[in-house]
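Below are two complexes that have subunit A in common, paired first with subunit B and then with subunit C.
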Partner chain A sequence: MLQEESDLSLIIAQIVQKLKGSNLYSQLERQAWASLQRPEIKLESLKEDIKRFFKTSGWEKKLQNAVYSELSVFPSPRHPAAPPEHLKEPLAYMRKAQGSWEKRILKSLNSMCTELSIPLARKRPVGEQKELLSKWNEMGTDEPDLSLFRPVYAPKDFLEVLINLRNPNYENGDYLSFRTHLGLIQVPLKVKDIPELKELFVELGLTTGQLGIDDATQVPPELFENEHVRIGQKVLAEQDSAAAQQYVRQGSPTALRAELWALILNISSQPEDILYYEQLKTNVIQHDLLVDSLIYKDVKLTASNDDYYFVFEDYLYQVLLCFSRDTSVLGHFAYNSASPPKSYIRGKLGIEEYAVFYPPNGVIPFHGFSMYVAPLCFLYHEPSKLYQIFREMYVRFFFRLHSISSHPSGIVSLCLLFETLLQTHLPQLFYHLREIGAQPLRISFKWMVRAFSGYLATDQLLLLWDRILGYNSLELLAVLAAAVFAFRAVNLMEVTSLAAAEAVLADLSTLKVMPLLQIFLFATVT
Partner chain B sequence: MSRVPVACHVKGTVALQVGDVRTSQGRPGVLVIDVTFPSVAPFELQEITFKNYYTAFLSIRVRQYTSMHATAKWVTCLRDYCLMPDPHSEEGAQEYVSLFKHQMLCDMSRVLELRLILRQPSPLWLSFTVEELQIYQQGPKSPSITFPKWLSHPVPCEQPAPLLEGLPDPSRVSSEVQQMWALTEMIRASHTSTRIGRFDVDGCYDLNLLSYT
Partner chain C sequence: MSRPKNQNYKAYGSSKGKEREQRTSVRFKTTFMNTLIDVLRHRPGWVEVKDEGEWDFYWCDIGWLRENFDHTYMDEHVRISHFRNHYELTRKNYMVKNLKRFRKQLEREAGKLEAAKCDFFPKTFELPSEYHLFVEEFRKNPGITWIMKPVARSQGKGIFLFRRLKDIMDWRKGTAGKKPTSLEAQQARGAVNPSGSHDSRSSDDQKEEIPVENYVAQRYIENPYLIGGRKFDLRVYVLVMSYIPLRAWLYRDGFARFSNTRFTLNSIDDQYVHLTNVAVQKTSPDYHPKKGCKWMLQRFRQYLASKHGPEAVETLFSNMDNIFIKSLQSVQKVIISDKHCFELYGYDILIDQDLKPWLLEVNASPSLTASSPEDYELKACLLEDTLHIVDMEARLTGKEKRVGGFDLMWNDGPVSREEGAPDLSETGNFATNTHLGCINDRKAQLRQLFRSLQSQKKASS
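Presenting the complex of A and B:
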């Protein structure tokens, strides 16, 4: 059909334009030049011969992986009449809500600046630069006075904003009717029900082998585990992104996980990438940002206090401080409903040539932000690779957890999906919790915003994140949250207050993620 | 394919409702929008674009010019086109939509008037409509150039001069050179839009406060 053809050519044109600026493009060019020396490349059939050369030498596979990576991240091509903000977020009232929320964050940051009389950014004096460079690998030993700093916002502040989100064109009557949502989220986004989830997550079914279930000590490895590891090694040998993404839906063996995730995210540590990271490090040394203190405070408050992650404190600084200086992250704001904060060089207020983004990557960290990085430290030990993986995970997944949007993997949809699943399949529990003033979302919100990092045991968290990568969707977070409530339903039915309900659900570290998901999706009688 | 917007006059929406609009409690679920083309001759419709605002289903009726003296009849050219897969939820509610000639049920070669029938069966929404309606007709085809006679009717080839020994065939060389020239032109035309990566202005990144605008 004509429309599909023109859609396809539009997608192709956009991906080609995007890839033209990448390392891969210059590498392919260099390879093409070098291949001219080869005897099988003939001048009269230049194009065909070079194409054949790329196929046999593995470069075509690399290009395929890059295109697949772009397709996973790229939203559907926009209508020619649609303005850029429509691509960020199609619903006007959500754009407005995101704008007001951002303004609140900016005001909070500005007031912190004026109260503490600290500039947003300043150039470090040379002595300080030298000192920081010498302590680069042990920034955790530094104990700056952070008592006056406070996080810009915490997940519970964000939850209040989401609770108050209203569509002005929607019937929001004061009286209860069939239109009212019984949960906290009051916007009518489309969320999947269990039959649709079963179809989407078909590889998690009861008859398919899973790591996290079928690799338990009681199960002989010949039944599933050995074969699965063998297939994993084959996928890595082929270096095929799409195959790797399909493979990790059944879980990734611990020994292969780091390479598989790098393959899915299309990260390969080239010398240019290491150089880029070193450049970011130089930027950290040269300029001191207020955001750095927020990062320090966040790491000290969260990851340093966690039994699993405190050993990685230094890595977290090395990644997060560089992340704040990385302008390539600004690219993701094309499809993120959020927008980067702006500022002007001192003394040049209002002059457009002196307008800059602050922080350089446009992302203001909130309380718990460092927990997105902490689990990755188990997999990657080399700072520049760890950095690349985190950055890619952020611009693909994590940004959706703290911006207001109608995307099916956005936090608003996840909250609504959680509440709908709970209400549909555990109506008694939902009603009881609501009656005692313990709306379930108040407890599960913090789990979903952090993608369960810091709440689950690390090996279980990594099994969950395997599936997030495999399905390229965060909906499993909502399903898992509902499954946890279902698992502890008996205890929850007996509590009589929000505090007691929180206590029942305070410790998730003993939970096994995959059996919970399987039971909730495939084994619950509906 | 080129297209040219057609100046149209969009009349106000008319709600179809049983009973009195003022006293009745329910909201209308059907709206009708008439689109006329006062200053344009009957034209061939190429494309209709609009921005949806909570309309679930769209039907379009068209009145075409007929050469006979009988009045033209209304014909349905699009029936119950679904804009929102689930009328109770937000999916597709504020999307930009394009409808093309080939999706229509009838020939759209001499359009006089259009009538858009919007339906929204869900009682959850306070209002619904379509916005930014634009009608397009076929753009002018590329002008036909008359070639000089000697280009379009080349003289039959004379006997080619005998090839000198050891030299490649000239027609093959010329086609290869043409291919390489095309490749170099493609490379020259391409440019990238990647950022350079600097966040400071001339080495300076001293900032005081964030800006709200």
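Presenting the complex of A and C:
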């Protein structure tokens, strides 16, 4: 009991400290001072009266949302004596693996830099600045020569690293037993099994209404949809983050989704936020970074070629270029196993005073990175709001998909979860694919790294991301990947090569996500 | 069967009764070597005839129609894919005339409010005949942009934008003075309005001046709805089975065609920005064939719903229904309604920033060539369902409100979704049986439909 209490007070202290530095705190202070003018505030009962005022005016709700937001992002309580690196990643061998992976990426980036003799960063001449500013809303029309640039890495390179991950304290054993894991990931992380997943995702069960299933044309809307929309409007009126998060577990109505997600992520477009975005835009105009070319190349290769996202090309540049200059993103490295790459001012190698993080936000884009942003363009059209939403989604979820960690939503756990589910519930299929040299993870890895963006139809993807926000976990990605394999099992049993297996699973655009998840979790005999 | 008309020829054979004979094999003919030929060849019991063979079904091109329709005898069961004088709807100058006339009629009969529902066509003037009217309108609205379109050409050819009268003066001296090629001249001359209200130049005039290609000057919509900074237009398919009575079907699928470049009024000369026809886009230097720059209508509808809410989208689509119906009604009395004819129209609609739909034009021969696998799927299903409705196999009862992806939009009156009389929605339009941009579960529907038709037949035999 005592331990829990002290943990709790530790968390409270940390959250209070975090919020004290935030904009909300100064707003609350101002509101409190202004409320003194009000007739109902009496000196004798000052504290109580102000508290009541906050409640009725909705400010308490805002504070509640901010606390809830912090709790969602905050890692679980640690031992007070734990060093900060344990907050990033408790397991030493994982930290080491992440460190060497980062060294490789940096090396690749530096060598590209030297080969092309392009500086990592340079100040733009005034003429160029003017030109970029005038073209800001249509950067997609630019066709710079990007043929010499290569993406720093692609998901499959990252997969190879994960495959070679080993826990030095764990003896895999030379002999095969029923416990042997047949998949590619060979680290002993705890992943949930289907009973545990059923418990976690209880709202996805067969007896609960879902958007994505119970809003189909044959189902009369009175059965579920109308009531669900009504509740959604109520949640928005109350402006309650926690309620919104609970609500979207059953899916979000199309018309309400943008606002609901903003509420859950606790994003409200304040003038300061818009100003901050404009500041980032100015940074982009003034300085040209090498990563900008990587971003351009990625957008041109992926989103621009997508049948549905090509329309949003310009927005992608506006978001991603600003993102790479945003130093506030560095904050997430406190709980991310990755660390931002450091670079040194020319000639001052190794001297700490001249060290800078490169890129300024510490995130090096890889092939397909722009697909994290593309689906959001469907919902948000105001560049600064789109930017805020993406940034928050990144520091809460997406970063876990390309860093090596033991977190249950980290990509390593997701891969292991996927393989375990498949091996446990479709052993024949798993064995067959393994025999023909088509390890299932080789096919599903790219889906999970991109959170299925670009593979599913947009409306289905948004229904999936509803649940990711609702449960604050990425484990559904692994469950969906396994469900897809289960769905196509009959065809997959007949293939005889990796290429044929890839072909069977090449097109996911017709899949309906929610029925697949429901069947796999709740309707399959285990 | 069809055969050339002959003075001594006497019709024989086919029953004039209401019972349509069920054909065991259908002989079809077409000159189109694209999606259409695939669909026709795959249809069970349909046999291709070539050259001079007799046919039961002909998907013809309008050139052939013009030359041969009048001399071809067709049995009762024979079907052909165009109406003789479809140009009343599809040629921009005739359509404007018919619409203007219809609007006046509506105003007389039903009042100003009802007539205002015809205001979906941007102000258009025929040139050179209405040149002075045009100049008057031009002077009343200085600074707006106008678009000049040739009356008879397609795929974006010959179109340009202008803001100053000086620009057309130059054009008049330049291209207008040029003699059109012999084919274009034939087309221009061949399309004579039977009602004769059209401005016809006297032969004297023609001797003095070089024959001029007809153009229309239309008010350019300067505030189009943009997605991702790009302009787009919508392609919607409407199948008309007869004009008297008016029976029209609306296909659920369609697509939005995007311009490859970002919209701005500064670049009037950049043809690529303003014209969204895929044919024009394909020549733009930015064009990447993989992109296809098209969105399916479902995607478009969802995007709008997430941005403006479902009610605004309902209103927009209801207004589009109004465009289809009113445009067909305006030519109802003029088009020669031959029971052998049916026509699949491609409507081009532009949405402006106030979510008001505008009719750009109606195509009698919408492109059936596919630009991508998805496009192929759409067009193949569209054509299959068209053939289901044409019903050479005489399977339908004629009471169906939905066949595959087609919904019966107008059946000599509005068709309601539910049984009973149609209600008026807030816009004053009828709550019609249309589902444009909605889910198209045509396979399931067709299975159910034909199964029930089969069991009905068994029960009645």
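Details
Operating definition for what follows: the second predicted complex is superposed on the first by the 516 of 526 C-alpha atoms of A that agree within 3 Å, B and C clash if a C-alpha of one lies under 4 Å from a C-alpha of the other, contacts with A are read in each partner's own complex, and residues count from 1 in each chain.
Going forward, a residue touches a chain if its C-beta (ideal position, glycine included) is under 8 Å from a C-beta of that chain, and two chains touch if they have at least 3 such contacts.
Just so we're clear, the structure is a prediction, and the values are computed from it rather than from any experiment.
With subunit A as the common reference, the superposed partners subunit B and subunit C fit together side by side. Once the two complexes are overlaid on the shared chain, A:378 sits against subunit C while remaining clear of subunit B. Of the two partner chains placed by the overlay, only subunit B lies in contact with A:122; subunit C stays clear of it. The partner that reaches more residues of subunit A, of the two candidates subunit B and subunit C, is B.
In the superposition on chain A, A:141 contacts subunit C only, with no contact to subunit B. Once the two complexes are laid over each other on the shared chain, residue contacts for A:310 go to subunit C alone; subunit B is not touched.
Judged by the touch definition given at the top, the superposed model places A:186 against neither subunit B nor subunit C. With chain A used as the common frame, subunit B approaches subunit C to a shortest CA-CA distance of 30 Å. Of all the residues in subunit A, the ones that touch subunit B in their complex are 1-3, 17, 20-22, 25, 43-44, 46-47, 78-82, 86, 90-92, 103, 106-107, 109-110, 113-114, 119-123, 167-171, 179, 187-190, 276, 279, 283, 287, 325, 327-328, 330-331, 341-346, 349, 353-358, 360, 406. Contact residues of subunit A toward subunit C in the complex are 137-138, 140-141, 217, 254-255, 257-258, 304-305, 307-308, 310-315, 377-379, 381, 458-459.
Residues 49, 51, 53-54, 85-86, 88-91, 93-98, 100, 102, 123-128, 132, 134, 172, 175-176, 179-180, 183, 190-195, 197-201, 204-213 of subunit B are the ones that touch subunit A when the two sit in their complex. Touching subunit A in their complex are the following residues of subunit C: 227-230, 258, 261-262, 286, 288, 290-295, 299, 302-303, 305-307, 309-310, 372, 374, 438-439, 441.
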